[in-house]
């Protein structure tokens, strides 16, 4: 495991047969059998994660990786009778690490895009949008943010597609471009907004909502959620694991654990009713 | 009767084999993605970013040198307060990591977002909000150059101290002011000692510009390479592309540095008696086109 | 101590250097103890004494390269390094001290030529930067002075390309370029190989002949006897004996003087 | 009759006033959040992270020194292949930014995830998957020490070259092997030249550990400070806390460095004639307890 | 060239050093040209010649500190630095070369004492590291040797605390500690102040009296005349003349020898 070194450490649930997960998930023998041989043999899922995206995945004060993404992945592992082994990574390096065979799974709030689907398969488990936030009392319109400073996390959908597209609209209309500040982690981007270093930040809706809930007196939502798109667990292209994860997730949705987790973290707005694969290209 | 070095040849052959194996293996590894390396090496976005890296380097060095000179002179001042201020500056800027400093400069606008006019802790008459938000490039240059100044100060100081005290005295005795003495006599002579390590600092600065990611400024070579790889999911080839550019620049600088050092370590045999007795003292480059 | 009353003497009668009870200490070490002496206009005053007796320090005080701790030093009637206001002395600002130094030429034991400038540039430097003379005039003047010290053909040489004697002659020319009214020499020949001493003394002798007031620290007793108008023997920071060089050298009165001279002659 | 320095005093007073104003103003700025600084300064998480930073420094330096010694000896080898390999190593590791190198080491497992047994481009017999994922701490130490080795190599090389060739010759003439000569004669004498810059390298390494964020390893002082601030939204006080710790460590090292340099620049007046003619040559620390 | 046939002589009659047409070049510069000479057991052979004539180089070849380019060099019947196999010569491995050097003591012009070790440690170093002698025995032996060169009381001194003559005597003791069968001296007194030369020559004279075979490069003609059994004059890398020192010094046959001797005597 990477408990000793990665600053994250294993969520370490799921676990041995018969043991109950924190949400009471137990191993489903039939599903477990469908696991690819090497994973079943290793008894664990190697997961790449960028734990700077509260509340989806982040670190608690002891440096342990937590979040609802983590709980969900742990539950899936428990269903399959294996443990989880989280490795902290930079967000931009997770997908290359999956295609490079380093991680079985990427659990890091990946927005399923057709661009990314060229690299990996996604098991869609949530429906999130993009939500901007601005300083309290300062109204920012995401669709008319020309010339403003916007914080994003480097390598995210917001960084590579959403904000650049908005900025391009500005420049096409002869207005000033949006100044994008790319931070290494979402935590820094959020800090930048809280402290007033930027006019706004753009992040996935659960993240923005969580940040607002924590810093009610400093920041507020700017506009509403848009660009709703599915989240997906990233799996290597064409891997057998894709369907296994999808089925396990479906089982969790069916037995209500899924909802329990989302409700516990207060993000059940974007819950899906059925697990899907590569939803982006299907639209 | 020729020399034979069987042992030497064995070692050489093994080493060459290892290197060849490594290269062949690397050529085969898909992760290196050599076609992509070729594709991005001369990508316009990369070469523009390389230009920005050079700009960062040049601006930061120039400001760093000027500030370093001021700090060095302050350090040599007879005024203990001036000396102490300079000392504290060096202590803080040499004692903390430049990466942390750059993060700090990135946040500086948060700290100093207003000018408070008043008596601290007693009364505030007015608070003037500072609206100007400096561009990230500007902040990066400030961060890099303030750090560099601390290092340049020590280099300049060593250079100034290397000039024989008799020189300053002679200039003083001729009625030259302190400023004239510095400008015309001491600084030109100290260049011999200052320039070689300054060359090293330039090379080091070029590499340190990668850290502006902490500001976060991301239009430099490394930042741009990272941006591209975030879109294309091929981090390794872009890392290689950035490395090759850095290697290219530093190699040029190292060659320049080599010639500079050669030039500045050259002296003319016969010096003043005072110097002849003390080969440790600076040997002055004389002859046509000395250090002027 | 009470301030010394200055006699208002006419210009020509006023001594060029007048030291009144000058003392100087470095830390706890008193290097000059209540030195009083006069150098008249046009005189050549030779200062002799063992190593460490304070000869260099005294010269440096005249030029305000060192700050006097007690007593008063006048050059051409002007208090050196201080401004008197009421009963108090205030140290001169650096710019004022620099102005005073312009009129006093100094030649050092180790020449201290500027190694990054040619002989001619060494000479032209101060007139241009300090006096604001035009570069052309300064260079022309420099060439004259080089010719005067017999180095007309060495104008373009760097110090490292000159012999010690040549360097010292350039140093003298450099000091003369500022048109000083007083020249200080601190063992100008002691760093030279014996065969080079003569050429420097010749230049100094010619300079004395033109009527320049000179204070010369030297161990060249032949030169002192021939050129010197007055001589003081310094030991342990005090003036042990003074007088005309011929007399002092031939008939030293004091034991310490005798002991010293028996060694150097 | 006392000296008066009115100008000097004016400057001093103005500077002191400015410093006091700056400090008072800083004390008042809410962004600095001094109570938080106090709260986190001795937080156990921070002090543990400081320990990890020290571990990173020590391990990386030790490995860097050993590798540097090997590289230095390779550089001095008469075998041109060995020499070239060492040269290329130094060129690459000194020519690229350590930050980029650390990013690269962070991705190394992507590149070398299998051992290919076969003839490159022709035939592959077998591919063995490497399952071992090295801990990030391990990768950080590897990245830092491989970089450090390139710098230590030059320092060690200068040290070895500073030992008079006659020493090696004398040892050889006594029948000592090359290894014995190095161990007993050359290396002990070169320490005088090697140790002071090595002290500098330790200080520099301590600060460079901040860059393991590129790996990304985040249990070091700076990483931990950042993680805490991610939760609490107070980055500036935590930045100050981290800076104070770095300043504390580097100050201790600088003091140590000062004494080391003093000790190693001390020599004994009378040397061998060969040395007496050449004050530039190393002055050997003799007397009781020399460099052994 | 064809390999020289070695006569199988009994031990005692075998020369200690035999050079057969030894040549050595540095780059394009031929420093030794076909040198042939013999040093018999117990003999003291003096080598003289102008600077740059190749004296040091020849000594260094005997000790395999330099590699001979052509010709053969034998010490005590053993080919130096090479192994002969069939018609070909192979350079010795470093370890074998080191073994050969053990038996040949060498004293350098600049002493080359190890500055980080005391006099005693300098002497005990090689016996312990190279011969594996116990430290205690080596130190005891070292003390004996120090006494023999008259420095018993200086055992704990570092080289920097010794005079040049004392350092050179320690260097001789250091070489003797390896029990060499041959001693090479390269201008052992030329770096010494004149008043220190005698003490070193005395030690060498005593050493010669014990029957040690010695090759001495020197300009001390008095020593050579008194102690030397044979002498060669080297110039431009060739042996110009050889013979008994008294004769060679008194009646040089060759013009170049005469010219050289007229300068140094």
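Per-chain residue numbering starts at 1, and chain names A, B, C, D and E are given in the order in which the chains are listed.
Here is the rule we go by: contacts are C-beta pairs under 8 Å (C-beta built on N, C-alpha and C of every residue); 3 or more make two chains touch, one makes a residue touch a chain.
The chain list, named the UniProt way, goes like this: B, D = ABC transporter permease; C, E = ATP-binding protein.
If you're wondering where the values come from, they're calculated on a predicted model, not measured in any experiment.
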{"item": "Least hop count linking chain A to chain E through chains in contact", "value": "2"}
{"item": "Selected pair, greater C-beta contact count between A-B and D-E", "value": "D-E"}
{"item": "Approximate Å spacing (C-alpha centroids) for the pair chain B, chain E", "value": "53"}
{"item": "Distance from chain D to chain B - Cα centre to Cα centre, in angstrom", "value": "17"}
{"item": "Chain A and chain D: spacing of chain centres that average the CA atoms, whole Å", "value": "38"}
{"item": "Residues of chain B whose C-beta touches two or more other chains", "value": "31, 107, 110, 113, 213, 235-236"}
{"item": "Set of chain A residues in contact with two or more other chains", "value": "93, 96, 100, 184, 188, 195"}
{"item": "Interfacial residue positions of chain A with respect to chain B in the complex", "value": "92-93, 95-96, 99-100, 115-116, 119, 149, 154-155, 159-160, 181-184, 188, 195-197"}
{"item": "Sites on chain D touched by chain E in the complex", "value": "164, 166-167, 169-178, 180, 184-185, 188-189, 268-274, 284-287, 290-292"}
{"item": "Partner chain A, residues of chain D touching it in the complex", "value": "31, 45, 106-107, 109-111, 113-114, 129, 133, 135-138, 213, 216-219, 223-224, 226-231, 233, 235-236"}
{"item": "Partner chain D, residues of chain E touching it in the complex", "value": "63, 65, 94-95, 98-99, 101-102, 104-106, 108, 110-116, 125-126, 129-130, 158-161, 164, 167, 174-175, 178, 191-192"}
{"item": "Sites on chain D touched by chain B in the complex", "value": "8, 11-12, 15-16, 19, 24-25, 27-29, 31-32, 78-82, 85, 91-92, 94-100, 103-104, 107, 110-113, 116, 120-121, 207-211, 213, 222, 235-236, 239, 242-243, 246-247, 250-251, 254, 278-280"}
